[in-house]
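Labels A, B, C and D are assigned to the chains in the order they are written; within every chain, residues are numbered from 1.
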Amino acid sequence: MLDKNGIAKRIAKEVKDGYYVNLGIGIPTLVANFVRDDIEVEFQSENGVLGMGPFPFEGEEDADVINAGKQTITTLPGASFFDSATSFAMIRGKHVHLTILGAMEVAQNGDIANWKIPGKMVKGMGGAMDLVASADNIIVAMMHTNKKGESKLLKECSLPLTGVGCVTKIVTNLAVLEIKDNAFHLIERAPGVTVEEIKNATEGELIVNGDIPEMIL
Amino acid sequence: MINKKVNNVTEALKGVKSNMTFMLGGFGLSGIPENAIAELVKLNVRNVTCISNNAGVDDFGLGLLLQNKQIKKMISSYVGENDEFERQMLSGELEVELTPQGTLAEKCRAAQAGFPAFYTPAGFGTEVAEGKETREFDGKMYVLEPAFKADFAFVKAWKGDEAGNLIFKGTARNFNANMCGAAKITVAEVEELVPAGELDPNQIHIPGIFIQRIFQGNNYEKRIEQRTVRQRN
Amino acid sequence: MLDKNGIAKRIAKEVKDGYYVNLGIGIPTLVANFVRDDIEVEFQSENGVLGMGPFPFEGEEDADVINAGKQTITTLPGASFFDSATSFAMIRGKHVHLTILGAMEVAQNGDIANWKIPGKMVKGMGGAMDLVASADNIIVAMMHTNKKGESKLLKECSLPLTGVGCVTKIVTNLAVLEIKDNAFHLIERAPGVTVEEIKNATEGELIVNGDIPEMIL
Amino acid sequence: MINKKVNNVTEALKGVKSNMTFMLGGFGLSGIPENAIAELVKLNVRNVTCISNNAGVDDFGLGLLLQNKQIKKMISSYVGENDEFERQMLSGELEVELTPQGTLAEKCRAAQAGFPAFYTPAGFGTEVAEGKETREFDGKMYVLEPAFKADFAFVKAWKGDEAGNLIFKGTARNFNANMCGAAKITVAEVEELVPAGELDPNQIHIPGIFIQRIFQGNNYEKRIEQRTVRQRN
C-alpha cells in the first residue's frame, strides 16, 4: 500500500519529456518532487504562471508570486506570468498536456466529483471544471477509499459532478487503473496489495485481465 | 493624452452606490484592490453583488465587506478559507453563484471585448450548466455563458501612468487584467503612478483606454495567505 | 463647397475632450490635423496602437511602427502597443468613442457600403465591418457625389454593404447631415452652398427643417 | 524548461506539405515571418491555404508565394496593393475568403484558446454573414463565426528565448500574437534569440507554451510599405 508520497512518485512516471503539467492541490502538488530531472517539464499554475520552481528561501517570499494553492513560489528560467483568461486559454486550448488532480469520487464512465458535498462543504470548483472539461490527459490522484472505508471508485458518482466522462487514469494507494468501456481496468497493484484487496475496495465494475504486475516505483 | 488620474480613493469611487454590481481583481489575497475595498467598507454601500474569484479571508480582502454584511451576492470560483462566508451562505443571508474559474475569467474578457456570450466546455453535465443552453461543436459539448455586466471594476496594478496604462507584477495580474474595461467604470489603483511617457509603450499590459480612473494607492499590506518556504542548507 | 481639408476641418469639431478616435484611410486621416489642441484626444489605429502622433522625421521611420494605412508613424507619451484581438476588443467593446470613415454609398436608413464594387474593385473590408457594427458614434466623411456626379446619399445602397443601419452623421463637401427616421436631415450647409444644390445632389429622402445655417469652420 | 529551439528555418519547417493550411502573422509588410515565407517558396509546397490579414505586395511577403502560384486560397481582410493577387482572383485561379479584420483576429484567438466559435456583430446584414447563423442578444444582431483550423502558424517576434517566450516590437505584434498556439504547430522566428532566463517573466507577450519551434531568423529586410515623414523645420 502506498502513502501520499508513494502515489505522487508513481504518478511522476506518467510525466513525459516536453510536458506542460497542471498540478492540483494536495497529493498532485507532491508529484513535482519526484519527476525525473533528466526530462524537460514545466509546471503551469492556473492563477497565471508557467515555469514554477520550488518554494522560496525564507525571507524571499513575494506576495505577488504565488501558485493556485495561494502558496508562495519561485520561478525557473524561461518562466512567464499572464492573466487568468490567457491561463485558461492554455488549458481550454489543450496546450497543457497533463492535468493531475484529486477527487472525492470517480465513476466507471470517467465522471469525477471533487468540488462539493451538498449542505456540508461548498468551497467551489476553482479551475477544476475547466481543467477536466478541456484536458485529454487527466490523472486522478486519490485514496482508494474514504475515511469511512467506502470505495471512491463507483458505478456512479453520488456527489455533484465536476466533469463527465473525462477521467482516463487513476492512481490510488492500492492500484493504477484505466477507465474505458464503462469499467475500471486494473493495470498495476501497489507493492504488497493483492488483486482481491483491490476488488474489495472498488465498488464500480473492475476488469482484471491476466496477471496484474506490481508497480515499480 | 487623456488624463485618467484622480487624487485619491474618494474621488476614484465617486458614484459608487448600494445595490450595484462590482468586479474586484485578485486571486486569493494576491493583487486585490486593497484601497478600494477599504473605501467600500467606509462608504458602507449595502446589497452589493461582487464578482471576484475569491472572497478574501475573515479579516482581509472581501472578508471585510462580508463581516460588515454589505454583500448580497458573490460570484466566485472558490470561496474556501473564510468562515464568515460559509456561515452567511449556509444561513441563506448570502447568495452565491459558483462559476468555474476559466469561465469567470472569460465572462470578464467577453464584457471587455464586446462579446455577448461564449461557448465553453467547462461545467457541461454538471449543476453549473443547469438551465443553460448547451450545444455540440465537432462532437464535444459546450455551455453558453453570457458576458458579465457590472457597474464598477476595481483593479490593482503594480505601475500605472496618468494615461491609465497598467503594468502588473507576477501572479498579481490574474483577473485584474481581464476586468479592465469590463464594467461601466474601471478604477485602477497602483503602487506607483508615473507621468505619461515613463512606461515603455511596448510593455503595457493594459492600455489606458480600458481605464476610467487611476490613483496612487497607499499602505499596501499585501498579505500572504500561505507562506511556504524551503530551508537554506 | 469644401475641399477634403475642409471636410476634415468640419469633422474635427465633432471630436470632443476625452475621446478615443479611430480614423479611417483618406479624408478621415486628415482630421487629426484640425483637432483643437486644448482638448485631450487619443487616436487608435486598429493594427495595434493607441496614442498615435505625427509622421516621423525623415530618417526616423521604423518599419515596426505603422498605422492601419501602413504609413510610418510616431507615438505620443502615454501610447501603447497591443495585438489585433485586443485592438478589436477596444472597438467591439465600445471603448473607442468615435469612428470616422469614408464611404462609397450611404443609404437613408444608415446602411453604408465602402468595401467592394463587384467585378471591379475587391480590396477587402479591413477593419471597417467591425468598426461600423460596433461603434455607436460613426461619422462618414465623403464627397456628396461620385466622379460621374451621381449622388452617394441614396434611398438604398446599390453596392455590397459594409454595415446596416449604423451611420448617424455625414459630412460631405456640401453639407452636414444626420440620419434618423429613415431620412437624411440637413443640419448645415457648406460655405456658399444652397439648400437647392444639396437637394439636387441627394438621391435619398432629404428633410429640410426651417433655416439651415452655413457651417462655421 | 522545455527547449523549443531549432537550428534553422529548414528544421523549423519540417513537416510542411502541399495542401496544408498556414497562418502567417503580420499587418501589411510589418511583422511578417520573412524567413518562413522564403523557405515556403524554396520548398515549393502547392495548393496551400493562407490565413493572413494581407497578401503582401507583388514582390515581397506572401506576394512571393502568389507569383509562384503556390496559394490555392487566401483568407484575409484586405488584399489591395497587389496586382498579381487581383489578376489571380479575377481569373478564378485564386480562391479568396474576405473576413472582417476583428473577426479574423478573433478566429485566431478562438483557436488558440479552445473556443469552437463566437458571436460577433461584424458583418451582420452583409454578404459576409450569408449562410451563417445569426442571433440576437440584448436587441443587437450577431453572426456566429467558427475558430480557424490550421496546420502551421508562422509568426515573427522581436526577441524570443529558448523556452519559446516571445516579445514583439511596436505594431509588428498585430496578428502574430493571436496566431501563436492557434495551429497544430506554431513556428516562431525572432530577430534575437536569447537563453531562457534573460527575458523578464513579467514582460513576455506570448508564453512559450503556445510555441512548438523557435529559431534565430536572419537577413530581415523589414520593408516599409508607405514611407511617410515630416520635414524638420
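Assume a residue touches a chain if its C-beta (ideal position, glycine included) is under 8 Å from a C-beta of that chain, and two chains touch if they have at least 3 such contacts.
Source: prediction; values computed, not measured.
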item	value
C-D or A-D - the one linked by more C-beta pairs in contact	C-D
Inter-centroid spacing, subunit D versus subunit B (mean Cα positions, whole Å)	33
Subunit A and subunit D: spacing of chain centres that average the CA atoms, whole Å	36
Subunit C and subunit D: spacing of chain centres that average the CA atoms, whole Å	28
Chain centre separation (subunit A, subunit C; CA means) in Å	55
Contacts with 2+ other chains: residues of subunit B	109, 114-115, 120-121, 168-170, 201-202
Of all residues in subunit C, the ones touching two or more other chains	49, 81-82, 85, 88, 91-92, 134
Every chain pair meeting the contact rule	A-B, A-D, B-C, B-D, C-D
Subunit A partner contacts - residues on subunit B that touch it in the complex	27-31, 53, 76-81, 86, 89, 96, 98, 100-106, 108-109, 120-128, 158, 168-178, 205, 222-232
Residues on subunit A engaged by subunit B in the complex (per definition of touch)	45-49, 54-73, 81-85, 87-88, 91-92, 111, 122-130, 133-134, 160-165
List of subunit D residues in touch with subunit A within their complex	1-3, 109, 111-115, 161-163, 165, 181, 195-197, 201-202, 204, 207-210
Touch list for subunit D against partner subunit B, complex	114-121, 137-138, 140, 142, 146, 167-170, 201-203
Parts of subunit A lying in touch with subunit D, wherever the complex brings them together	18-20, 40-42, 44, 49-51, 75-82, 85-86, 88-96, 134
